[in-house]
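Please go over the structures that come below.
In what comes next, chain A is part of two complexes: it sits with chain B in the first one and with chain C in the second one.
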Partner chain A sequence: MDTRRVSSAVPRVRQVGFFTPNTPAHQPAPTRSQSGPPTSDSPPLSDSPASNSLSPVMIPPPRHLSDNLGGRAYALPVPGRGNAGEHATVGSYNPSESVLWLESPPRSRIGDEELSEGTESSLGWYRRSNSAKVASSLPSGGFDLSQVKQPESVAAVEAKNPLPEKSEAQKEQASNPKSLKAKTTKAERRALQESQRAAKAASKAEANKSNAPGGAASSKPMKQPPQKKDGPPVASSVAASERGVDRPVEKERKKDLPPPRMQFDDESRVDKAKRRSLLNQPEARNRVELFRHLPPHKNGSQLPYLESKFFELHEMHPSVYKVGLQYLTGDTSGGNARCIAMLQAFQEAIRDYSTPPEKTLNRDLTSKIGGFVSFLIECRPLSMSMGNAIRFLKSRIARLPLTLSESEAKAALCSDIDRFINEKIVLADKVILRHAATKIRDGDVLLTYGSSCVVEMILLYAHEIGKQFRVVVVDSRPMLEGQKQLRRLVAKGLSCTYTQLNAISYVMHEVTRVFLGASSIFSNGTVYSRVGTASVAMVAHAFHVPVLVCCEAYKFHERVQLDSICFNELGDPDAVSKVPGREDVNYLDNLTDKQKENLQLLNLKYDATPSDYISVIVTDYGMIPPTSVPVIVREYRKEYLLI
Partner chain B sequence: MADSLQNPKPNVSAYYQTRAAHHAVVTSDWLAQAQAAVSIQTDDDSSGSDGRIAPVTGGKGYDKAFSVIDEFNSWRKQPDLAEAVAAIRALAAVIRASQATTMMELEIELKKASDSLKAWDSTSISLTAGCDLFMRYVTRTSALEYEDFNSARSRLIERAEKFGEISCKARRIIAMLCQDFIFDGCTILVHGFSRVVFEVLKTAAQNKKHFRVFCTEGRPDRTGLRLSNELAKLDVPVKLLIDSAVAYTMDEVDMVLVGADGIVESGGIINMMGTYQIALVSHSMNKPVYVAAESYKFARLYPLDQKDLGPALRTIDFGVPIPSKVEVEKSARDYTPPQYLTLLFTDLGVLTPSVVSDELIQLYL
Partner chain C sequence: MDFQVVVLAGGSSKNLTPLVSKELPKPLLPVANRPVLSYVLHQLEQNNLKDLIVVVEGEDTALVVGAWISGTFIDRLHVEIAAVPEDIGTAGAIRAISHHLTAKDILVVSGDLVSDVPPGAVAATHRRHDAAVTAMLSSIPVSGPLDSGSSGGKDKAKKLGRYNIIGLDPGKQFLLHIATGAEIEKDARLPKHILRAVGQMEIRSDLMDAHMYAFKRSVLQEVLDLKDTFQSLKEDVLPYLVRSQLKSEALSNRTPQGEENGNEKVTSQNNQVFVSRILANSSTPSFHDHSSENPDGSAPTRKTHKCCAYIASSGSYCVRLNSIQAFMDINRDVTGEADHLLTGTSSDPNNNIGPSPKLGTKTTVGPHCMLGEGSEIGDKCQVKRSVIGRHCRIGSHVKVVNSVVMNHVTIGDGCIIQSSVVCSNVQLQERVVLKDCQVGAGFVVTAGSEYKAESLARKEK
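Right, the complex of A and B next:
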């Protein structure tokens, strides 16, 4: 999925500074990256006509700010075409991208026209410096800011927290595109290296952030020509500047995502940009460096505004929009719930869909779905279950026989979705219940962590069939998901104990079995689940308590992950410092800005549990040891490809 | 022994009763007598089977009086025959005696027979596994039915017969695979009397390898005594240990070789009581633990701990009367988790414990 997009093996030639990306617009948008100087893969690509048309230095002129805002639409993540996961290699030279890029020449052209090379460079430089100033940590030279207007500075910031060398390079580039190629190359290489290092994996990042301030951080966006449009960089630079802690490290943001396939419809891009820019929050402060590659959290404070926009959608289907907002606010959470909500929204969208003239259903619908998915990613990064479901849906669409009429095709797709939900989730859960209930004996003390719907079902089912056991519910801040589950269990009459994660080793000695849910399981048997699960599993292992992970097979993924860092999701950092209901616990509230610089709040959502701590994985294929996950992935993929 | 409809001693695992019988020192006279007795009994039983369980006839009249359980028992009494093979042969007899005219009917009969066999002795893993395996084979065959019923049926019977040969061949295959692991001058610790392991050692002796064997006494079955008897006949240097002396002698041991009653999905094994102990000691002293077992022993069980297995109890004779207040741990087998096992020698090849689940998935899914 997204992660695949990000870590493409193709070397991303990144142009430091403002180079336009001849490059791969297909990079998923790290909208952020769009800003400014997307590192384009340019030097090699500079040969392409498209790239040539743009001057190397893409410095959005200030006056185009508004344009940019509109134009920022690309967002990009998840190009409609292709799989969610298969984004074009970053930095690869993709002719189609060039075409895409060409489509929006006007903007860039304008930018070019407005800036003389010299100015460009200087502007770019200034931008850099501005951003540097803004960042307050960039060792930019003493550039004077006078010339640079705010937007420009923003753009500069966007351009990425350029390194001085980069700016130099850019400057040079600006002045002499041709001769600079050589220099640029070096800088690019450097930039490329940095971007590659930084841009690991995961996170979609594409979305808004890239448009917004995020853009600044990630120069990666440079790769996407469309994104590069002046507009976005400006906007993003604004956001970027707001980031208090812009450091050179910012450029390491993983914005190196392959640009998402953009919609070709400008109007939609505008809409999306607007929407997206609203969704973006300039939340740049207090971010932990190690996790800068992950997209920052979007909280739901914009909800009222977004809700009001519900009726202004044209590109976005209302049910998809609704689901997106539900994700954003956290109303819908949990792998199964999110996946089902998304699939049902897609079903609605497919039912209301009608093929535009001159287009085939397959392609157009796929691109539409891609657009929906990008929106959902902006609201909240995809979970693995959703990613697999999207892949399934896209493969079904691609597999539709061309002889079907539109209504037949739509009906077939809707029934496929129904079947998927039914077989892979509902029935799978029933099978898991049966298997797992055989492992519960009378007198057991079962421990569960957080709130997994499958585990809850298992406990209720075992209780129904008359097994005598008691439950220990372990919970953790800041989400406190266990409380909801506790309430439901107690309502059904189970005897429960409730405690927090810090008491896990205290409680573990009396526990006989541990039941955990999972967001996904990777091919090396690593379980990717709510943060804290790894701790529970480790303590259970130390106490020789068997750990049972209950997960439907559709959530398995062929990825391999060794740690919790390269791919994860960030939550709201403020939730860590605030305790709801305890207003007196406000020690972190009145820090000065200087102090705040030293404080970095981290709120991770997921973690990876190594397979050694897992005794058995209960799936709808039966009980399997963690080493057999790749076998299931192999068999399972075959099966759903053949459906 | 257990000729009746029900297992006469429900508290004692029939499987282990049989093993115990096998383990007893048997003279040929005794064997002849026993077999004679058995055949008379089955004849008696076969006639007038009113009260008998006739699962396969399914109401086809009592003159059939065919009891799969009796059939099974008769096969099982042969000391050299594996449980699963006996089960499959019994099921083959079911097919032969069946009067079904369609595959579906035959399948249903077989399913009933298989269920009754499994219910009769629920503790025997290889029995269950063998039945499941055969049923799986039958289902797959019937799914490909494009031939007439009779030829399909004869194919099934033939396959069942072949299964018996496969079983013997399996032992030889395993013995051949094992040879590379037994080097000259090595010391092998053996626990329990597994016919597969015995075959391995026999083959090694025949190949003129120089090795010596430590046998644990194997209380209460006295398997060690029997094994040492047999090995002595082969001129293999044998040393008998009491079960508690395993850790003491582990230094001198190069490898541990055990059989298995069943291999479970996690890759662990279920074997005679004491195997887990030995595996733990060897693991902590870095000695490899090898398991030699045929592939039909792969079972779809997944025990999480020792108590997760169905109980298989056997009587233990301490030689002196025990006061009734004293409880005795009567379980006859234990579960060794896969992390303590090094390799599995099966007729499918030399495997690591994690492969078991892969094989099972491919077989059953």
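Right, the complex of A and C next:
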């Protein structure tokens, strides 16, 4: 999904960066002013000052920043703003590269497995997008110049860029830009992109199962020729000098990234995945158009199938299987609990593991874990926190010294897992309790939504240390998770009010603080949490009530997400139409098949709360504003992979 | 998957006389020309369960069964035959082989189960809930021959005593009450404390215990050790576990978790509590958790264990061969509507449905019939809904309806056999009329005799 957005954004961005008179409002002024002294001899844009004297040295900092921030906005065409004519080519494709590089993690994931296809197709895509850019820069008049000066600029690019074919492609496209423009319509590019993405997803699924040793080998740079060609080098051509040091780390990070998710509206790919899949994918019934790309909910159809297969899944460790079943049936839910359950299952699997002959522990275990993970994904999509934990575990396995004996290695891994649970979850929660409790004053009315284990602990802790406050638990159908929490709170003697989400604006009057949990927090400060959280936060914002999001730092994710459409999870669609125990309101029960065709049920599980509505994020590193999330991700991620 | 499978094959059976004998123990009783045990073994094999313990009553029987298994499933299954003394019951049998059991969970299957419910489903349910015991329940099969006449009344009288009363929680996942067979006279006693804890109980009498259980090994062994009077899994052990699920005396499903992780030196006990609380809070609570909680909501003090039920879906086939009527039913179903149990199960390649044997002129063999290899049928015969074994010789003008004829049977001209079982090596002379009869092995029915609803067997010498 991200890529899709990029593709549509890039052309627009380019127009903005250069010559188009109508600038979209979202242009980030600050970067621009950083990038170079404004001069006026190129496009007369009031807010996009172009720098004539663009020095190559000037370029890297904003780019680097942008990469780390993951802010797409900051990755806008910095260099292109130079002398419009002269640097047209550079500018015209660098921005795309930088954006692409942001997207490169998914691409690099396929690297090992789908070498030929991946490389080829992605190159093809580069070419096309480039050409599109060149073409679109044409009308504005700068092109002739660029053509004249091209040798220089290409040379300049080549000096930094290890990809000569790219510039060549550019040349030849530059020679007949018109026809190319006609060829590469937006729809066309998009179709191409779609197919690539699906290819990646499919190959990725494969990779997790069979070929994950690649992950183990990730510390060896020579293992990844496609990566070299594709993403990083292009980007690093710009900022190579600076990033040179932590390149390997980043590479690894990319390898461990959660895979690009399968797009479930692509029929051929779904078919393929189905054949490979351990579980049978249910047929997509009437699903809401906008959310067809999400994996369909599985509970009903999967369980009997999975049960009947119980004894046939040799390679699945029983504990992993059990955890998977619990995910599938919803017996275990909640980010922390799922993550802990998964890690403990892995721990048991590792304890029972023995390296088969003629294999090394590092590689074989990685592939085994990969198999477990893909099984769990099929039971229920992973949460971000689980993705981070898996990444951690895989990096630990990859880093095991080869000299360790098997038992030592297993013991080391088990204690690593324990440490992860203790430091990243248990201790983190305890720290969060302390921090958050300082924000609770006597006489407060605290509002919480749904059921978050951290928030519940905060409330209990604050109650224990003698704070006087009242709690409003807001809940929503169909999960009604709040009731479980409410039960425990009331049992501990807290004074509670329980209401449904639709009454939120009435109860918000008296509330003084809103405490929310989160499934994940993205680099741009977006909080990904149980569906409904966004509305609570929005109402709180409107009422000027501070919103505190409590979230352990291991749930932070470097991804940037602006909406809750591209990544989400679908729940059981029938759950929204049925009210258990209320026969009298089941109006949707006796629909005929024909009527059902016209009915599409949507049960989303998560939503994204924009950072504007969040006052503070309480995390184990302290209380931070949402804008500081990328800092935590950047500064602590390294250390956490290296623990 | 850390499961051990125990097949309780049994030996003799009073219910099935005169069909079974010393030479033909119950596990080898042919159902559609295949021993009944092969259905279970085949199903286990299909589910990738290849290490089995087959428990047989009596040394002699064990030899016979063992010979058959090793002949049929050679190098496909790894089977251990355990002979136990007769009349010690199912619980006794498990007790006798208790030292063989090492895996975390034990799957106990009755050898007379003809079913297509995957055992994995029971095992998965068991694992998911971390239960002490999981029982498979299936709906009570439609009994009686389709066009039964007088036998209906007799069976109904029999079946009244065989009611099962099963109590389930609203989610149909936990067993709250189970009472079978003789226990139920006129009134049933329900455990009040369980009812109070759950709040709602669904009482079903249309389900039967299919005698496929998954036990937690530690629990099973402990119960068998503690209660050495327990004879039957179905009538003693299971009801006991169900009764005591909220105040389990020795057993707990809660401690293992703590113990396992407690070994880690790095982690402090405190953190363990914390972690387990996170896990417990976020998992769907069952009534066990509520009832074990103290009123003030602190950590559970009373130990509980879970008794789960797996209810076979209505489309699946699941019958136990524990009476002559059931035997007839199974024969009928396996050749008829449940014939998928036979397909692809060529443990003996000579079993095939269809008229491979020699048929005389104007002889009709209806649908849902099975004729064994080498059987000959004379002229103008009618065979309907019947199973005829191997090497039978059937004369002319014979009518066989709704019956089972085993191997090496000779039937004279003009016989009429209805709803009967004719065992191996029986000789029926001319013009014999049998209705609702069972003829034991080797019996000779003299010419012209008529029997109705009788059991004919050779006198034991």
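Throughout what follows, the second predicted complex is superposed on the first by the 346 of 643 C-alpha atoms of A that agree within 3 Å, B and C clash if a C-alpha of one lies under 4 Å from a C-alpha of the other, contacts with A are read in each partner's own complex, and residues count from 1 in each chain.
Criterion: a residue touches a chain if its C-beta (ideal position, glycine included) is under 8 Å from a C-beta of that chain, and two chains touch if they have at least 3 such contacts.
Values in this document were obtained by computation on a predicted structure and should not be read as measured data.
Superposition of the two complexes onto chain A shows chain B and chain C fitting side by side, with no clash.
In the superposition on chain A, A:627 makes contact with chain B only, while chain C stays out of contact range. Residue contacts after overlaying the shared chain place A:513 against chain B, while chain C stays out of touching range. For chain A, the partner that touches more of its residues is C, with chain B and chain C as the two candidates.
Using the contact criterion defined above for the overlaid structures, shared-chain residue A:616 touches chain B, although it does not reach chain C.
In the superposed model, A:193 makes contact with neither chain B nor chain C.
In the superposition on chain A, A:505 makes contact with neither chain B nor chain C. By the document's definition of touching, of the two partners only chain C reaches A:415; chain B does not.
After superposing the two complexes on their shared chain, the closest approach between C-alpha atoms of chain B and chain C is 24 Å.
In the superposition on chain A, the residues of chain A contacted by chain B and by chain C do not overlap at all. Residues of chain B touching chain A in their complex: 265-267, 300, 302, 304-305, 307-308, 338, 354, 357-358, 361-362, 364-365. Within the complex formed with chain C, the residues of chain A that make contact are 304, 306-314, 318, 321-322, 325-326, 329-334, 336-338, 340-341, 344, 348, 414-415, 418-419, 421-422, 425-426, 429-430, 451, 453, 456, 484-485, 488, 491-492.
Contacts from chain C toward chain A in the complex involve residues 1-3, 47-49, 104, 118-121, 123-125, 127-128, 130, 260-261, 264, 266-267, 271, 274-275, 278-279, 281-285, 296-297, 313. Of all residues in chain A, only 439, 441, 513, 546, 548, 615-616, 621-625, 627-628, 631-632, 635 touch chain B in the complex they form.
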